[in-house]
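Each of the two complexes below includes chain A, the first together with chain B, the second together with chain C.
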Partner chain A sequence: MKTIKILGMGCPSCQATEDVVRQALQQSGKEAAVEKVEDIQEIMKYNVLTTPVLVVDEEIKIKGRVPDVNEVIELL
Partner chain B sequence: MHPLRMNPEEARKALENGALLVDVRAYEQIEGYDFVEENKIALPITEFGARYTELPDDRLVIMACSVGVNSLKTAYYLLNMGYTKVANLEGGIEAWEAAGYPVHKNADRPVSSGCCCGIGSEAEETDCCDETQAVEDNLSSGSCCC
Partner chain C sequence: MLTELANYITFHLLQLAPESAAGHAVQFFVYDTAKILLLLVGIVFIMGIINAYFPVDRLRIYLSNNKLYGLEYFLASAFGAITPFCSCSSVPLFIGFVKGGIPLGVTFAYLITSPLVNEVAIALFAGLFGWKITVIYVSSGILLGMTAGFILGKLNLENYLTDWVRAIQQNAIREEAAFEEAHVPFRDRLPVIAKDAWGIIKGVLPYVLIGIAIGAVMHGYVPQGFFERYLSADNIWAVPLSVILAVPLYSSASGILPVIQVLVAKGIPLGTAIAFMMAVVGLSFPEAMLLKKVMSMKLILTFFGVVTLCIIFSGYIFNIILV
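On to the complex of A and B.
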């Protein structure tokens, strides 16, 4: 099972990213551990300046924008 | 390692002693609402990753933005990249002004506080910092770090 982290500080874009991830999991029928990371010190361990960021199995896949559902499904 | 966290008074004193204020807001934001300070440069967060090496590493740099969130990200970024003399202006330009330090406001430019996403002023306005949208999404305006 993959681990998906959503890095962001709680703004609507970050919330939208989580919603997209949940939709992608539902549509694909796959399972993943989803974790929101909102603490700035934790976020900066990934050394990213723009959020939201989607991290799959500790690899940054998307940053600085809200992905679409199909894009996330391909990452699952 | 963490950046120094400075209030406006501490930042002002450091600037008098040779520190450099680095404003990471978008140029449009700066044009509308700016620090009146000689020792400052603009380096927007959208350009930061490509241009951070322009910053001195032998002098204290004080990162600043609207409210101190994006600037804190850039401060950590610099530390991650090997800089050691890094501070963050807590509360950003809004705290600076509230503390009584001078700012320049351009009446022809609306003042936008920006957002913690750091994805540019246009996106901030439409995708992130739209408080109406935030309310529709059942999020309080405080949920955004604008």
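On to the complex of A and C.
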């Protein structure tokens, strides 16, 4: 099972990213552990400048924008 | 063309008399709404495209590896102007800059201009005041970020960062590369950009419409020169007063720009109005709350104080230049 982390300090875009991830999981029928990382100190460990960030298995996949559902399905 | 549309709806469909206050107000509302909507869609979309392709990480690496003799203030400030206003990205960016060894003043230049010059404000300015005033607003926003950033940089405020940010700063590393997303063709990115743009527009639209509606009512019913008595250019306190009143307002209040346009039409000096607008979008309490994670209260107050003074100062300059 993959671990998906959504990095962001709780802005609307970060919320939207979480919704997209949940949709992608539902549509693909796959399972993954979804975790939201809202603590700025945690976020900065990933060395990113823009949020939201999508991290799959500790690897940065998308940053600075809200992904598309199909895009996320491909990453699962 | 928009004028004809507005005239048609107001005087033909609604059968309002062109000379009546209601006729003036409705015509104004229809015309302004149509014009601002078109600009808002166009500008938010274009900024979305620029932003999707702007190499933030490369700019940071460039700034941290090159000695630029003052140009870095301009680059950081201009960069702040083209990134969209999202207070949630400004904190990670702030730390990212600090981590890259970029001086605090330069980082502040970015942090000041970022909310000040944003796509919604640009669209509203262009629609309400025309392109000339818009260019003046944008360039003075960039200049203001540079100036205030420079002043803050000279104040040696490093000690007032939160401890963990200071630790990061002391261990600043000059990075050569950062993660870059695989190249996605423009065709595939377009739907995402469009969706984001729509999200931004949807978010501000209610405020903008309410703003235009209030502006329209004032346009139709408030007599010419009504406000001038209180906020005229001769009144030395008008600029600081309007700036201080504006700070507590949140930036969704860009919706009040249509109201300000009417105030200007009714006699308030443009410089006072621009200063008010800068204070509304540039400084907000929610932003201060986010910054508390990285700065001590003293630093936040200094930061807000310097920016407020710069805005007041620029308001006076505008009132002298823009007569």
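One rule holds in what follows: the second predicted complex is superposed on the first by the 76 of 76 C-alpha atoms of A that agree within 3 Å, B and C clash if a C-alpha of one lies under 4 Å from a C-alpha of the other, contacts with A are read in each partner's own complex, and residues count from 1 in each chain.
Going forward, a contact is a pair of C-beta atoms (placed from the backbone, for glycine too) under 8 Å apart; a residue touches a chain by one contact, two chains touch by 3 or more.
These numbers come from a predicted model, not from an experiment.
Enquirer: Just chain B (first), just chain C (second), both, or neither: which does A:I60 touch?
Expert: It touches chain C, and chain B stays clear.
Enquirer: Now for A:I43: first (chain B), second (chain C), both, or neither, which partner does it touch?
Expert: Both partners, chain B and chain C.
Enquirer: Does chain B (first) or chain C (second) touch A:T51, or do both, or does neither?
Expert: Once the two structures are laid over each other on A, A:T51 reaches both partners.
Enquirer: For A:D68, select first, second, both or neither according to whether it touches chain B, chain C, the two together, or no partner.
Expert: A:D68 contacts chain C only, not chain B.
Enquirer: Between chain B and chain C, whom does A:Q15 touch in the aligned arrangement: first, second, both, or neither?
Expert: The answer is first: A:Q15 touches chain B but not chain C.
Enquirer: Pick out the shared contact residues on chain A: the ones touching chain B in one complex and chain C in the other.
Expert: On chain A, the overlap between the chain B and chain C contacts is residues 8-14, 16, 40-41, 43-44, 47, 49-51, 64-66.
Enquirer: Give the list of chain A residues in touch with chain B in this complex.
Expert: 8-16, 40-41, 43-44, 47, 49-52, 64-66
Enquirer: Sort out for me which residues of chain A touch chain C in the complex.
Expert: Counting only chain A, the residues touching chain C are 8-14, 16, 40-41, 43-44, 47-51, 60, 62-68.
Enquirer: Can you tell me which positions in chain C touch chain A when the two form their complex?
Expert: The touching residues are 52, 56-57, 60, 86-89, 91-93, 95-96, 99, 164, 168, 178-179, 181, 191-192, 195-196, 199, 203, 290, 293-294.
Enquirer: In their complex, what parts of chain B are in touch with chain A?
Expert: 2, 45-46, 48-49, 69, 72-74, 76-77, 80-81, 115-119, 123, 127-130, 133-134, 137, 139, 143-146
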